[in-house]
Amino acid sequence: MTVVPYIIELLQIGVLIGLAPAFVGWVRMVKCWAQGRRSAGLLQPYRDLAKLFSKDVLLAENASWIFRFTPYLVFGTAVLAGGIIPILSIDLPLAPTADVIVIVALFAIARFFIALAGMDIGTAFGGMGSSREMMIASLAEPAMLMAIFTVSLANRSTSLSEIIQVIYSGQSVIRPSLAFAFLAFVLIALAETGRVPVDNPATHLELTMVHEAMILEYSGRHLALIEWAGMMKLFLFTSLGIAAFAPWGIAAREELSAVPLALLYMIIKFGVVGVAIVLIETGLAKMRLFRLTEFLGAAFLLATLGMLAFFILD
Amino acid sequence: MSIDSISLACSAIVLLLGSAAFAPLLKRMQAFLIEFSFLLSTVASFLVTAAGVWAVARGINEQVILLIGLPDLPFHLRLDALSGFFLTVIGLLSMFVSIYSIGYVKGYIGQRSVTSLVIFYCLFVAGMLMVVLSDDALCFLVSWEIMAAASYFLVVFENEKPENRRAAFLYLVVAHVGAIAILLSFGILAGFAVKAESFSGYTFDSMRSAQLPIEWATAAFFLSFFGFAAKAGVIPLHVWLPEAHPVAPSNVSALMSGVMLKTAIYGIVRVTFDLIHVFPVWWGAIVLILGLISAVMGVLYALMQHDLKRLLAYHSVENIGIILIGIGLAMIFKSFNLPLLAALGLIAGLYHTMNHAMFKGLLFMGAGSVLHATGERNMEEMGGLIHKMPWTAALFLIGCVSISALPPFNGFVSEWLTFQAFLLTPALPSPLIRLLIPLGAALLALTGALAAACFVKAFGVTFLGHWRGQHHPRVHEASWSMRLGMLLAAVTCFCLGILPSAFIDWMDVIAEQFTGTTIASSAGRYGWMWLTPVSYERASYSGLIVFLGILAIVALAFVMLHVKAGRIRRVPIWDCGFEKINQRMQYNATSFSMPIRRIFGYLFSIRERVELAPQAAHKAFPKKINYHISIRDRIWGWLYKPVVDASFWLSRKVGKLQQGRIQAYLIYSFVTIIILLVFLR
Amino acid sequence: MADTSIMLLILLGVPLVCAAALAFAGDRKFAPEINILCSASTFAAGLGLAVEVYMQGPMLAGGKFFFVDAFNVYLAVLTSFVSMTTAIFSRRYMRKEREHGRVGHRRMRFYHAMFQMFIFAMLLCLLTNNVGVLWIAMELATLSTVLLVSLYRTPTAIEAAWKYFILCGVGIAQALFGTVLLYFAAEKVLGEGGEALLWTNLSRVSGHLEPTVLSLAFVFLMVGYGTKVGLVPLHNWLPDAHSEGPTPISAVLSGLLLNIALYALVRCKVLVDGSTQSHHAGDIMMGFGILSILVAAFSLLRQKDIKRMFSYSSIEHMGIATFAFGLGGQLATFGALLHMLVHSLAKSAIFFTVGHASQMHKTQQMDRIRGLFRGNPLVGWGLMFGVLAIVGMPPFGIFTSEFLILTATIKDAPLWTPLLLLGLGVAFAALLRKVQPMVSGEIPPNQKPMKAAHLPVMLHMALVLIIGLYIPDFLNQWFHTAVGLLK
Amino acid sequence: MELTTVAHINSFLAALVLLTAFGMLVQKRIYGLIHLFAWQGLFLSLNTAIVGYVAGKHHLYISSLLTLSLKVILLPYILHVLIHRLKIRKEVETIVNIPMTMLIGIALVIFSYHLTAPVRELSTLITRSTLAIALATVMIGLLMMITRRHAVTQIIGFLALENGLFFAATSATYGMPLVVELGVALDILIAAFIFGIFFFHIHTTFDSLDIEQMARLREED
């Protein structure tokens, strides 16, 4: 019973909370370069958050407690998920709390409440956002789970730490099923984190926005929390993908000395992922809402194929 | 333990019957009648719960033989772990609902006499208890039908409305045909029992000992499964359910949807695992497939509804499907004789049974309070109720979160267990099933996600936003007893969510009874607050820590942000700076589910119609637009209507026999004689 | 022995005397009371006789002319009981009819006299030991009710009565031919003279009777008595007669006469089985039974007249009982006996409520009868529970019998079960569909309140309920001995 | 006289009975029908008497007397009276194509002969060969009821059917026990009164005895 794992745990949570905006900043930066614009720099997200925190909250008259409670809950689920997904190290005290299914469910509960908050004020946009968000989610979530299941079947566990350990112990060779699963995962991650082609985080054009439509009425610290949680969500999905498909570099030993190396690996990987995201987003255009079914259907198909491939080939 | 639990349960039943018998005497003083009998049934349900909990905890197996029944076949009652579990389910919910009813039923005073409601309520609960206790075919069927008849009278309580009558009629017919099917299957089982020719072949004991050839066993299984499915509302036998549940008084719908459907689950488990107890794989496969279909179709139909109670009714179809998935998996594992996995599947199914009873009861009670307060069932007319009735809203929200399988509430636990059961299928020797089952997992995931969407809609449209209706009824918060009933149910949901391993520990004897192994040994291994169904390496979940974690972080964030509290100013709605916003602009139930309707539309028979009212200056600006949509079950047209038409056609043909001329009748008897003589000669 | 014959004397004598007396005094104020009194004493005598049999077992009396065993004594008690309750019911009912001016003095006299005559005929049917006399009594029962059916003298009533008269006459004639053949076969074994028609002797020697003749005889007996049981396709007189006569008569026709005919049929079947050692007779009965169930069930769907509907349901239930007797075996026979008992109780109760309902609305058209729960709770709930009982809902007795019959069927003749299931299901749906709107809803304008006869309905329903939950031991023993007799 | 002659007489009478039956089947006039019926009854009672004489069954005399009084005298008389009262003596009813009916009747005779063959094997009585005739008479009576559409003729058909039964009783066996005979006679008597009453009712209600119009009770569509 050492204290080390707990320190690592806290470190990891700190990293999540601290670096999530930076990652978003990095994505924006690369995007600007790719589109030949001057970027606002890596720290712009931090400035935005700070500004929002310092502002007063303007709350619609008929906003209920749900509207006010949601930001905290969303933030909380994101942080908790960050405590469970192995980002720096695999033996986290919180790891056994929840396996990957639970993590998906944590995102789901956040989404559930955001959608409710969207309907709380009673505007057309809010309802529209919630409706679309839930539709996308109801297609994305099963695909997500299928992709994850393929991985966890391959490694005979649904707990991420265990998966990584199995991978480290070299019991799992590289499998075709995982390739399918990975592809599916990428598509879904785009959908879940509200990136192009599913949603455009930058837009406020009424009829195309999904996530933004729900949080239209938020302001001040509430908005800050939600934005921050959104950044963390991107961060978490990335690290989830890393943990599931390319965990090499995550510390397996419970020593503080292993952490810096793991951090280094992490930063490199995130850099790469950021570039990849930009490439996708600049390569694709946002889809019409009802073409999303094809997009997500493809993801679902891939995930299922992955699972079948697991049973057939492996 | 001196007083044995079965006599406790019997005394509770007697109590209920007593209050049913006593009710007519009090019909002069309705208010007192309501308090009296519902308190009595609360007490009775409490006794039952105690008995059930105790029975399961001790894994006891007690039997009594009553004096009534056929002289050579008196009613046998038995209380074993399975019955105990279902006793607990029924007892808990009926306790909560009885408390709730005190307030709810009082709403009828002045409109109509509630005496019949009270009587049949008590009979209904008693019938359900008898069903899970009975230990021979006759007693089982008698209680089964008493339950059906009593609930029929409850459904038709407001009997001047034709749609109520239609619903009740449909319900009772389906139930009765199902009951006959069950009867026949018992007939088969008894036929192969040891003492077939005598009456004692009908006891479950002798049925257990029966040696059936496989084809007869199959016949028996499918007959009984048909009967039970008809009661549980498994697609395609579900049509009565969305008709009957909405029109019944809400406390009754809570009981019907919460626990009456569960008696069917009980029947399936009893007949399959206990009476027949050896069966081929494909039975389980069929149960699994039907479960999946019911789950997905149920939730999709639910999404299309805008009548709150109807929506909930369709969700019962969905959840029954989820339960059947667990049981089907258990059957498959059992027939491949993998006891541990079978135990896991069974536990998952039963756990979800308990959960569904709780949150569905809670939701129907909530819907009842809304109905009670606004007189509305149509969500398109509602909105903003969270301000008028905060308690109901909060409790209803808990129900929504639980049924949407979100942690840390109970719905998630059972779905999580079911997923784990799915993920263990690589252990199966049959490649085909191994290939098919992942799709099942996918469908289950889809169901969960859609359920979440549906309840965002249900809660959002009902309680959030502004009131959508034209007239504004004066809405009031539910009375204390109603709130108490809902609160208790909500608390149970929460406890089941955060302390699963304790619950599983408790109910593990059932798994032992039917599969021979327990999962608690592994489930509890990692400490009481961790749930590790198979092994620690495979998967683990701790609802408690998830809850505490979120709570801690939320609290922390809240405190940190409020050390220097930025002011909160109440302002008019911004809505991208659009001024003339009114309540008719809100998204409503229909518009909310529109995207999903677009995607899955081919599953329904949808009729949309848009009318442009006489146009104003420009074609692009009509004065007003009417939009009509009607969404109907395809099953009705495919399955039921043909049957109905056929029988009426036949009856027309038969009517020709009686065509009035006496000579014709004489010819009949003449011909009959001739034919018989020829036949004999 | 001696006192038994006294009991018999009372049992058969009282109705005769009453018939004579009421033929003169039947229109007085106190006539209904007399009627009730007579039936009550008949019932008492029946009970006495039952006790005797219960104590001493089967007995011959009146120089072998009468034979009483478990099978017929319970039917005798049932008959006298139902006739008593019917008499009680008819008191209120007929008074109302007189107020409506549908019957006058002469007809009241006639009605009461014939009522008692009818009871006498049925009891004679049950108790006689002589197959020939059985036939005579059966004919007598028909004749005594023919003119009751046409009591109202409306065209339809007369038509119904005429059909009843002719069809049953022809049918019963066939039965006589069967009896002749039976005698022909019997005298070979038992020698000529009265001895050869005594059921006791016949059943004793049934093994030696000539099978070909008996199977020939059975055809005619089947068609003959089957006509009176109302088996399809010989049933056509039944709905007309039951729907056109006064309701008390419909009650006893449905509740009792059909039972009696079935009793005769079963007696004959026993002989035939004993002789032919085959299951032909059983098969024929099963066929008739199923046919009746199906046709009746589908006819139920299209009924508009309430009494007509319930007469079809009588056909259905007689079909069930016939089927069960045909099936044979311990469970089925037990079920069939029980079914005869509970059906006649429930059905007559239903007819009581129906009578009141149609009097309250002055019509038998179902679509004009509404709101009985509110209008008259006894009638409403009585009708509702009666129907639930008749369609085989527990805890009423009919469920118990159908339970036994169905399970026995799937054991011994599984291929018949789908048809049975279909018939029962359709009948259930049809009856419920019709009754539901009648009992529920608001009180319609054309409904007039009236005082209903509580006692008969409650008594019958209570009995049906009790039998459903608890069969007293003596009844059980009777059934078992009866089952033994019919083996 | 010796048995063979008796057998001859017996079968001769049987033939006459059958003949009258056929006669009734095709007879249109009501009075003609009644006379035929009376004749049939006469042959019947004669036959009964002879059988009784040969077999030494004295109760058969009684039943033969019964037949004579009832079926030859009383019933025809009642019918006469009724027809007179109801003024329907002129009525002549149409029968649906006679040859067809005749053919069916013949077919019935053959059928019943074929049917009663085994019984005839068993029987030792001199009258045994007439059982087929009896059955045929019954059937023809039924057929007559089917083809006729007049209340009176239907009743006559019914009575002819009864005759057939009675004939069967005397031919298959030497008559039923006396109790039964008496009972049957009584029933027929009552029946006679009842249809008497009926004729009045029908006539007053429908002012004709044509039963075609009594077809209201039906499962209307």
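When the chains are written out, they are named A, B, C and D in that same order, and each has its own residue count from 1.
By definition in this document, a residue touches a chain if its C-beta (ideal position, glycine included) is under 8 Å from a C-beta of that chain, and two chains touch if they have at least 3 such contacts.
These numbers were taken from a predicted model, which means no experiment stands behind them.
Colleague: Closest chain to the protein's overall Cα mean, using per-chain Cα means, please.
Modeller: Central chain: B.
Colleague: Measuring centre to centre, with centres taken as mean CA positions, what chain is farthest from subunit C?
Modeller: A
Colleague: Would you say A-B or B-D is joined by more C-beta pairs in contact?
Modeller: Between the two chain pairs, A-B has more contacting C-beta pairs.
Colleague: Counting in whole Å, what is the centre-to-centre distance of subunit B and subunit D, each centre being its mean C-alpha position?
Modeller: 70
Colleague: Between subunit A and subunit B, tell me the centre distance in angstrom, where each centre is the average of that chain's C-alpha atoms.
Modeller: About 36 Å, centre to centre.
Colleague: As a quick test, compute the distance in whole Å between the mean CA positions of subunit C and subunit D.
Modeller: Here subunit C and subunit D have centroids separated by 31 Å.
Colleague: Quick check: how many Å separate the C-alpha centres of subunit A and subunit C?
Modeller: 79
Colleague: At which residue positions does subunit C touch at least two other chains?
Modeller: Counting only residues that touch two or more other chains, subunit C contributes 162-163, 166, 170, 216, 239, 299, 302.
Colleague: Can you tell me which residues of subunit B touch two or more of the remaining chains?
Modeller: 652, 654-655, 657-658, 662, 666, 669, 677
Colleague: Among all the chains shown, which pairs meet the touch rule set out at the top?
Modeller: Those chain pairs satisfying the definition are A-B, B-C, B-D, C-D.
Colleague: Tell me, which parts of subunit B touch subunit C in their complex?
Modeller: 67-72, 137-138, 141-142, 145-146, 149, 156, 159-160, 165, 168-169, 172-173, 176-177, 180-181, 183-184, 186-188, 190-191, 196-199, 202, 647-648, 650-655, 657-658, 662, 664-666, 668-669, 672-673, 676-677, 679-680
Colleague: Which residues of subunit B touch subunit D in the complex?
Modeller: So the residues of subunit B in touch with subunit D come to 652, 654-663, 666-667, 669-670, 674, 677, 681.
Colleague: Please output the residues of subunit B touching subunit A within their complex, sorted ascending.
Modeller: Residues of subunit B touching subunit A: 383-384, 386-387, 393, 397, 401, 404-407, 412, 416, 419-420, 422-423, 426, 431, 434-435, 438-439, 441-443, 445-446, 448-450, 452-453, 455-457, 459-461, 464-466, 526, 530, 532, 536-542, 545-546, 549-551, 553-554, 557-558, 561, 566-576, 581, 583, 585-588, 591-596, 598-599.
Colleague: Could you please specify the touching residues of subunit D with respect to subunit C in the complex?
Modeller: Going through subunit D, the ones touching subunit C are 57, 115, 118-119, 122-123, 135, 138, 142, 145, 151, 154, 158, 161-162, 165, 168-169, 172-174, 176-180, 183-184, 186-187, 190-191, 194-195, 197-198, 201-202, 205-206, 211, 214-217, 219.
Colleague: Given the complex with subunit D, which residues does subunit C contribute to the contact?
Modeller: Per the touch definition, subunit C meets subunit D at residues 130, 132-133, 135-136, 139-140, 143, 146-147, 150, 153, 155-156, 158-163, 165-166, 169-170, 173, 176-177, 179-181, 183-184, 187-188, 192-194, 196-197, 210, 212-213, 216, 239-240, 243-244, 299, 302.
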